[in-house]
Amino acid sequence: MPAGELRYPSPLNSSATKTPPDEEEVWAQIKTEARYDAESKPALASYLYSTILSHSSLERSLAFHLGNKLCSSTLLSTLLYDLFLNTISSDSALLAPTVADLHATRARDPACVSFSHCLLNYKGFLACQAHRVSHKLWSQSCRPLVLALHSRISDVFAVDIHPAAKIGKGILFDHATGVVIGDTAVIGNNVSILHHVTLGGTGKACGDRHPKIGDGVLIRAGATILGNVKIGEGAKIGAGSVVLIDVPLRTTAVGNPARLVGGKEKPARHEECPGESMDHTSFITDWSDYII
Amino acid sequence: MPAGELRYPSPLNSSATKTPPDEEEVWAQIKTEARYDAESKPALASYLYSTILSHSSLERSLAFHLGNKLCSSTLLSTLLYDLFLNTISSDSALLAPTVADLHATRARDPACVSFSHCLLNYKGFLACQAHRVSHKLWSQSCRPLVLALHSRISDVFAVDIHPAAKIGKGILFDHATGVVIGDTAVIGNNVSILHHVTLGGTGKACGDRHPKIGDGVLIRAGATILGNVKIGEGAKIGAGSVVLIDVPLRTTAVGNPARLVGGKEKPARHEECPGESMDHTSFITDWSDYII
Amino acid sequence: MPAGELRYPSPLNSSATKTPPDEEEVWAQIKTEARYDAESKPALASYLYSTILSHSSLERSLAFHLGNKLCSSTLLSTLLYDLFLNTISSDSALLAPTVADLHATRARDPACVSFSHCLLNYKGFLACQAHRVSHKLWSQSCRPLVLALHSRISDVFAVDIHPAAKIGKGILFDHATGVVIGDTAVIGNNVSILHHVTLGGTGKACGDRHPKIGDGVLIRAGATILGNVKIGEGAKIGAGSVVLIDVPLRTTAVGNPARLVGGKEKPARHEECPGESMDHTSFITDWSDYII
Amino acid sequence: MPAGELRYPSPLNSSATKTPPDEEEVWAQIKTEARYDAESKPALASYLYSTILSHSSLERSLAFHLGNKLCSSTLLSTLLYDLFLNTISSDSALLAPTVADLHATRARDPACVSFSHCLLNYKGFLACQAHRVSHKLWSQSCRPLVLALHSRISDVFAVDIHPAAKIGKGILFDHATGVVIGDTAVIGNNVSILHHVTLGGTGKACGDRHPKIGDGVLIRAGATILGNVKIGEGAKIGAGSVVLIDVPLRTTAVGNPARLVGGKEKPARHEECPGESMDHTSFITDWSDYII
Amino acid sequence: MPAGELRYPSPLNSSATKTPPDEEEVWAQIKTEARYDAESKPALASYLYSTILSHSSLERSLAFHLGNKLCSSTLLSTLLYDLFLNTISSDSALLAPTVADLHATRARDPACVSFSHCLLNYKGFLACQAHRVSHKLWSQSCRPLVLALHSRISDVFAVDIHPAAKIGKGILFDHATGVVIGDTAVIGNNVSILHHVTLGGTGKACGDRHPKIGDGVLIRAGATILGNVKIGEGAKIGAGSVVLIDVPLRTTAVGNPARLVGGKEKPARHEECPGESMDHTSFITDWSDYII
Amino acid sequence: MPAGELRYPSPLNSSATKTPPDEEEVWAQIKTEARYDAESKPALASYLYSTILSHSSLERSLAFHLGNKLCSSTLLSTLLYDLFLNTISSDSALLAPTVADLHATRARDPACVSFSHCLLNYKGFLACQAHRVSHKLWSQSCRPLVLALHSRISDVFAVDIHPAAKIGKGILFDHATGVVIGDTAVIGNNVSILHHVTLGGTGKACGDRHPKIGDGVLIRAGATILGNVKIGEGAKIGAGSVVLIDVPLRTTAVGNPARLVGGKEKPARHEECPGESMDHTSFITDWSDYII
C-alpha cells in the first residue's frame, strides 16, 4: 500500500478463505470503506453517500455513478441511469466481470488503496464497465444508442473502446487515458493494459482486422498493436512498442517496430504471468543487452 | 460496413450521379438516418431530435451540437451557439470542408456507420469543425475568445489544434484523442490522421516552426512530426514514428527516429493515395524485411 | 509572440528591474490583460469578469476557476472552491510555485500570448495547480478526498498526476493531454514536459519506483520514462523515447529503447538548460548522423 | 376545446364504452398525442421523446418528469427518479388516483387540450402527484427525506401541500400557484381547487386543526379556509372567501368573512356537483341580490 | 427615485424631446447603465456582460436572458434562445410593446431604478415579454410548444398568463407573483396590475369567458375579476376585491364582493388615469365613509 | 410535534437553562439532527452532508445552501456562496437574528419538526436570511448586485422582500409563497407572517410609503396592508384582510376593508402576544357575533 497508509476495516472474516470474495462480499467491503471515509472526512461524505452509501447494491451504485459521469445536456443522467441499471439487472452474468476487474485493479496497482477507490475514481475501470453494458446492448439492436454512449465514454474518460470489442474479465486498465480498441479486437482474461495503448485495425481490411490478446498479457504504456495479430497468453508488450506481428505465448516484444526479446527464431520465454504480476521490468537487462 | 448491420434508406436517387453529394444531399441523408434511428429506438429519439431533427439546416445542427458540447459554467451554451451559428452563416465557404470531412469519415473509417454517426459522435470530426470556426475567427481579431474556445476543445475532446493552424478539406481525424497540432502547421486536403499524432513545433524557433503535410498523407497512431518539415503528397507515416526530416511524396517513413522505407537515397514509392485508401499495412512486409 | 499579435499594456514600470515580478505584479498584469480583452471583445467579457476581474486576488481567481472546471454533479463547485481557497490561503508558500509556473509558460511557450491566457486556458498549468493543492492535502490525512479530486483532474484535463508526486516550481506542462506521473516521482525546478509523457512505475516494485527528474530537464512529447531512474540536471529526453536507464546531466537520450546521444560511454554534453530554452532540436543533426 | 383547435387522433375505439378509460388507455392516448405533436413540431419532439415517448409506462414517464422538475444541485435527478419510480412501482394503488386526476383536469378545465398537456405542463397536477408519492413515503418513516421533497415542490411549483395531508382522487388543481394545504387537512374525491387557496391550520391548536373537504367541492381562487371545519359534499366556496365555519352540503359560502348564500338558517341548496361541473357563477345573481 | 440613490449617466441628449425614446435610445440607455454598474461592481460585471453588454441589440439580450431563465433539463437554453430570437426578429412589431413596458415600469414603479433593472430583474416584465412571444407563436400552429413554454413561465416566475390572452402595450406587472390570466382575457394599453391578480374564467362557459380590461386601468394586489365582464377605461379595482360585474369607466370597485364607490346607481368618477398615475389611495377616504 | 413523530437526541444538557440556546448550541443541535437523519435514511445522507454536516459553522452551511438555491446559469453558485459567506463573516451581528428566526419557526409552527428542517426546507426562513444579507449589502453601495439577488429570491422562493426593508429578529414567515414587502416597510421583532401577505406601498407617494409593523404582530394568510400605516404591538390582522388604517396595539383587524373587532371607537384588546402564540382564532366568535 505504498501510495497511502489507508487501512480500512474488513467487514468479513475472510482470513480462512482462499477464494476471491464474490459480489456480496466486495459490495460489503466497499460500503465499509465508504462509511469509514465518510466519517473521517465530512467534506467527502456527501460524495460517498450519493455514489455508494445510499445504494442497495453494487449494480445500483455503478449505474448511478456512470449515469452521472456520462450524462450531457442532451443525454440526461436519468436516461443513462435507467439504461445502465436495466441492462445490468437483466443479465445476471454482467456483474461477475465487474467484480473481477475490481479485484484485478486492487491486486495489481499499488496506487489503488481500496475497492471504493477503484469504483469511484478509476477512469479505466469505469470506462470498461460502461463498455460491458454497451457491448451487451450492441448485440440487441440498439446500435445508434450505443454509439452515442461510446462517444460519451470517449469524451469523458478519453478511453475509446468500440462497443463490439470483446473483453474478458479481471482486466486492469491503468491510468487509461488514450486507450483505443477497435471493433474486432478480442481481449482475454486477466489482461493488464496501460494508458495510450492502441489495439488498432489496419485500414485496408474491412472484416476481422484487430488484435487478439491472450489471457494474462501485459501491454505497457503507449504500445500500439495493429492488425489481426495474435498476442499469445502471458506475453509482454514493451512500452512504446509498435507491434505488427504475432507474439508467441510468454514472450516479450519491444521496440518500434517490435522485435521479440531473444530473437525471432528462439525468443526468450518467461514463467510468470505478467498481466497479473505486472512485472514490467524483467526484460530491461535482457533488452539492453540485446540492443547495445 | 463491418461494425454493424445498419442499413439506412437513402432519401435521394443518387445512383446515376458520380459526384459526391453536396451539403443539401448530405443534410437530407443525415435527417433520414436520424429519423430512422429515432423510430427504431425511442430512448435515443430525444437526443436525435434535439441535435438533428429539430434543426432546419446542417449549420444550425452543428452549431447547436458544438455549443452544447463545448459549453461550461463560465462559457454558456447560448453564447457558443450564437458564435458558431453566426460565424458559419456569415461565410458560405465554411460548410464545404465540413461536408467533405463527413464524406471522408464515412468513406475511410469502416467503423463509421452513417453520416449522422459522424456528425454526432466523432470527437475528431467535431473538434475539427470547432477548429474551422476558431480559425475563421482567429483572423478577425477575436483572439482571446478563440483561445478560450481552443481550451474548451482541448478539455472536452482531448484534441489540441491551435486556432492558427491551416487545415484543408476531406480530413479524417480517427479516434482523435491526444492529437496536438501547432500554430504554424499546415495540413492539405484528403489527409487522414489517427489518435496521439503530434505536429509539433521545435522549441527553439519562434516563427514558422511546424510541419507542412501534403495532400493525401496518412499519419498513423502515435506518430510525432516535429519542426518545419515537409511531408510530401501521398506519403505514409508509420505508427509511433518520430519524424524530424522531410518525407518525399508517396514514400513511407517509419521508426523512431523515422527512416524512409527503401532507404534514404532511393525510398520505395507507392502508387495509391494512403490518406484516402487508409492502407496502413502495405509497408509491413517491406519494413520487416528491411529491419531484420 | 508568433501565435498572435496581441500586445497588452503593462500596469507596472518593470523595465528597470531584472528580478521576475512577484505575485502582486503578476496579478496586476493578469487583471490588466483581462480588462483589455474584455473591452475589446464584449462576448468574452462575461467569462473574464467571472474568472478574473471579479476577484480580489490570484488565489481567489484560481480557486474559482478550478472549482468550476473540476466540479461534477456529485462534487459541487462550491465545495471545491472552498477546498482550493482554504488550502491556498492557509499556506503562504503555495502560491510562489504557481507564479513561477505562469512565468515558465509565458517565457517558454511561443504560443502563450499572456499570463491570463495561461491562467485561464492552459490545461497543463491548471492541472499542475490542482495537483499542488492536492499534494498539500495529501499530507494532511484527506486521502480519499484527494483521490476523488485526482480522478476529476484526470477526467477533465486528461492529465493524471498522482497526488503524492513531488513537483518543483517553474514547470511548463505544454499541451499536457495524456501526461501520467506516478506517486513516487519527483520533478525538480524549471522542468518542461510535453504531452503524452509518462513518468511511470515499474509494476513489480511497491516502494520508490518512479523517475526522479532533475532541474532544467526537457522531456519531449510521448516520452516514457519508467522505474526509479535518475534524469540528470539539464538533460533532454527525445520525443517518443522509452527511457529505462539513468541519464547523466546535460546529456540527451533518444529512441526506443533510449540511448544516449554520443554513446553510452562518453555521451555528448550540451551547455544550455533545455528545460528553460526549450531547444528541442539541437540533437537532430547529431542523432541523424549517429543513426544512419 | 376553446383554448385551441388541437384535435388528436384516438388510439382506441372508445365510442361504445361508457366507463372512463383505465391507465392503459390513458397512457396509449398520451403517447398518441405526443407522437402527433412531435411530428407536427420537431422543435418540441426532443422534449416529448425524453418526457413521454421514450418511456414504457405512465409511471416511468411521471417519475422521469418529476425527477427532472424537482431536482437541484444537492438533490440529484437520478436520486429523485429512483425514489418516485420505486414508490409508484411498489404500490399498485398509487396510479389510479393519478389517472383520475388526468381525467378530472381534461374534463373540467376548458384550457386543457389533452392528457399529455396535463401530464407535462400542469403544475397543479404535477405537484399533486409528487404529493401522492410523498404521502406514501410519509407513512414509511422517511420523514426527513419527504420534508426535503416537500420543500422542493414548494420551491418549484409554488404549491405547498404538507406530506401528511390526505387527498382523494379526481382532483383538479387549476393554475395552482400559491396553494397551501396543512398537515391534518383531508380532501375528498372529485374536488376542484383553484390557485391561492389555503386550507390552513389554526395556530393555537396542535392536533387535528385543518379543514375537511367533502367530495365534489369547488373552492375558487384565493379562498382561505381555516381550522378544523367541515365543508360538506358538493359545496361551493366563493373566490376570496375567508371561511371559518362549517359549510353544509351543496350550499355556497362567499365573502370575507364567509356567509352562506341564502342565509345562515336556511341556506340555498344547489343540485349540481360544482367540483365536477366547475360552475363558478350560478351564485352571482343570488349574492348580488343578497348584498345590495 | 426613493429606493436607491443610483444616478446613471444618460447616453443621449433627450432634454429637448418630449416623445418617449424609441428602441434604439432605450437600448443605448440600458447599455450605459449596465456599463456603469459593471465598472462600479466587478462581482456583477460577469452577469451584466453575459445578459446585456455582450449583445448587439435589445432583442438579442432579451432572447438570451429569457432562454437562460426559462430553460430546464428537457428544454435546453439554446432551443429557447433560438425560439425567442427568431420570433422577435421575424416580426418588427413585437419590440415596440416591450419598449413601452420598460417605460411603464420605469415611470410608474418608484422602486425601479433603471431600465436595466427592469429588463434583468422584474419577473412581471420578463413573464410578459415571454408571453408576447408565446402569443405570437400561438397564432402560428405551435400550440404544444407554446403550452410547454407557458408551463415554464408559470414554474419560473409564478406568473400564469394563457398564451391566447391579448395584452396591450405599456403594461406594468408589479411584483407579479401569483398573477393568473385566462385565455379569452383582453388587456388594453397602459394598464397596471399588481401581484396575486386573477383575470379568471367562469367555469360554466366554454367560449369567451374572461374579463376585458380597458386602457389605463389599475388593478391592485389580490383582486380577482371573474367572467366576461368589462372593466371600463381608467377604472380602479381595489386590493383584495372580488369583481363579478362590469365596472364603468373611471370608477372604483372595492370589496368582496366588489361594489362601486359612490354607489351602484351613480358611482363616483375620478379624473386621472390610475393605470398610469398608480394612485392607489384616493378612494380610501371615500370608501371608509361609505362603509362605516 | 403533530406533523411527525421525529424525536431527535439533544447534544446538550439544556434542561437546567431557561435562556434560549445561542448560535453554538443551535448549530450543535442542527448537526445532531442531521447526523441522526443521515444514519436513518442513507438516501438523504448525501443531501445532509453537503448542506450541513460537511460545514464547520452555521454561517458556512447557510452560505452554501443559499448559494446553491439561488444560483442560475448567469449568477454562479460560487459567486453567491462567496458573497453570502463574506457578508455574514464580516458582521458578527448578522447571525443572531438568524438564530432567533430558527427558534421562532421551531417554537411557533407545529409542522416544524427540527431546526435542521427549518434551515434546509423553509423557503420563508431562507428568503428572510437571504434578505438579511441583501439588506446589509444594500447599505454598502452594491445596489445593482443586490437587486439581481432580490430578483433571484423572488424567482426561487416566490418571496419578494425589497432589500431596503427593515426586518427585526425572531420572525416566522410560514409557507411564505407570495409574500411581498416594499422598500420602506419596517417589521419589528417576534412577528409572524403567513403566505400571500402584502406590505405594500401606495402608488401615489414616493417617500416613506409602506407599513410599519410593531413587535409581536401576527399577520394571517392573504392579508394586504397598504400605505404608511402603523400596526401596533401585538396586533392581529385577519386572513384576507385589506388594511388601510392604523391598527392599535393588541387589537384585531379583519375584513375587506378591515375593521377593528369591537368597533372603531373602543376596539377589543387581547392579552397574549399573537405573533408568538400564533393564536389565529380567538377572534372568530367575536367577529361572527359582530357581523351577523
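We call the chains A, B, C, D, E and F, going by the order they appear; numbering starts again at 1 in every chain.
Everything that follows uses one rule, which is that a contact is a pair of C-beta atoms (placed from the backbone, for glycine too) under 8 Å apart; a residue touches a chain by one contact, two chains touch by 3 or more.
Please read these numbers as outputs of a predicted model, since none were measured by experiment.
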Chains in simultaneous contact with chain B and chain C: A, D, E, F
Furthest chain, CA centroid comparison against chain A: E
From the options A-C, C-D or B-D, the pair that copies B-C, where over half of the contact pairs coincide: A-C
Centroid-based (C-alpha) most distant chain relative to chain C: D
Angle of the C-alpha superposing rotation, chain A to chain C, to the nearest 5 degrees: 120
Chain centre separation in whole Å, for chain E relative to chain A (CA means): 59
Separation of mean Cα positions, chain F and chain E [Å, integer]: 28
Centroid spacing, where centroids are CA-atom means, of chain C and chain E in whole angstrom: 54
Per-residue multi-chain contacts in chain A, two or more chains: 43-44, 46-47, 50, 54, 68, 73-74, 76-77, 79, 158, 177-178, 196, 222, 240-241, 256
Category of the chain touch graph - line, ring, star, complete, other: complete
Residue ranges of chain C touching chain F (in the complex, touch as defined): 46, 50, 54, 60, 64, 67-68, 74, 76-79, 81-82
Parts of chain E lying in touch with chain F, wherever the complex brings them together: 2-4, 6, 37, 40-41, 43-44, 46-48, 50-51, 65, 68-69, 71, 77, 108, 110-111, 113, 116-117, 120-123, 156-158, 175, 177-178, 192, 194-196, 218, 220-222, 238-241, 254-256, 277-282, 284, 287-288, 291-292
Of all residues in chain B, those that touch chain C in their complex: 72-76, 79, 83, 141-145, 147-148, 150-151, 154-155, 158, 160, 162, 164, 177-178, 180, 182-184, 196, 198, 200-207, 209, 222, 224, 226-227, 240-242, 244-245, 256-257, 259, 264
Parts of chain F lying in touch with chain B, wherever the complex brings them together: 73-74, 76
In the complex with chain B, residue positions of chain D that touch it: 38, 42-47, 49-50, 53-54
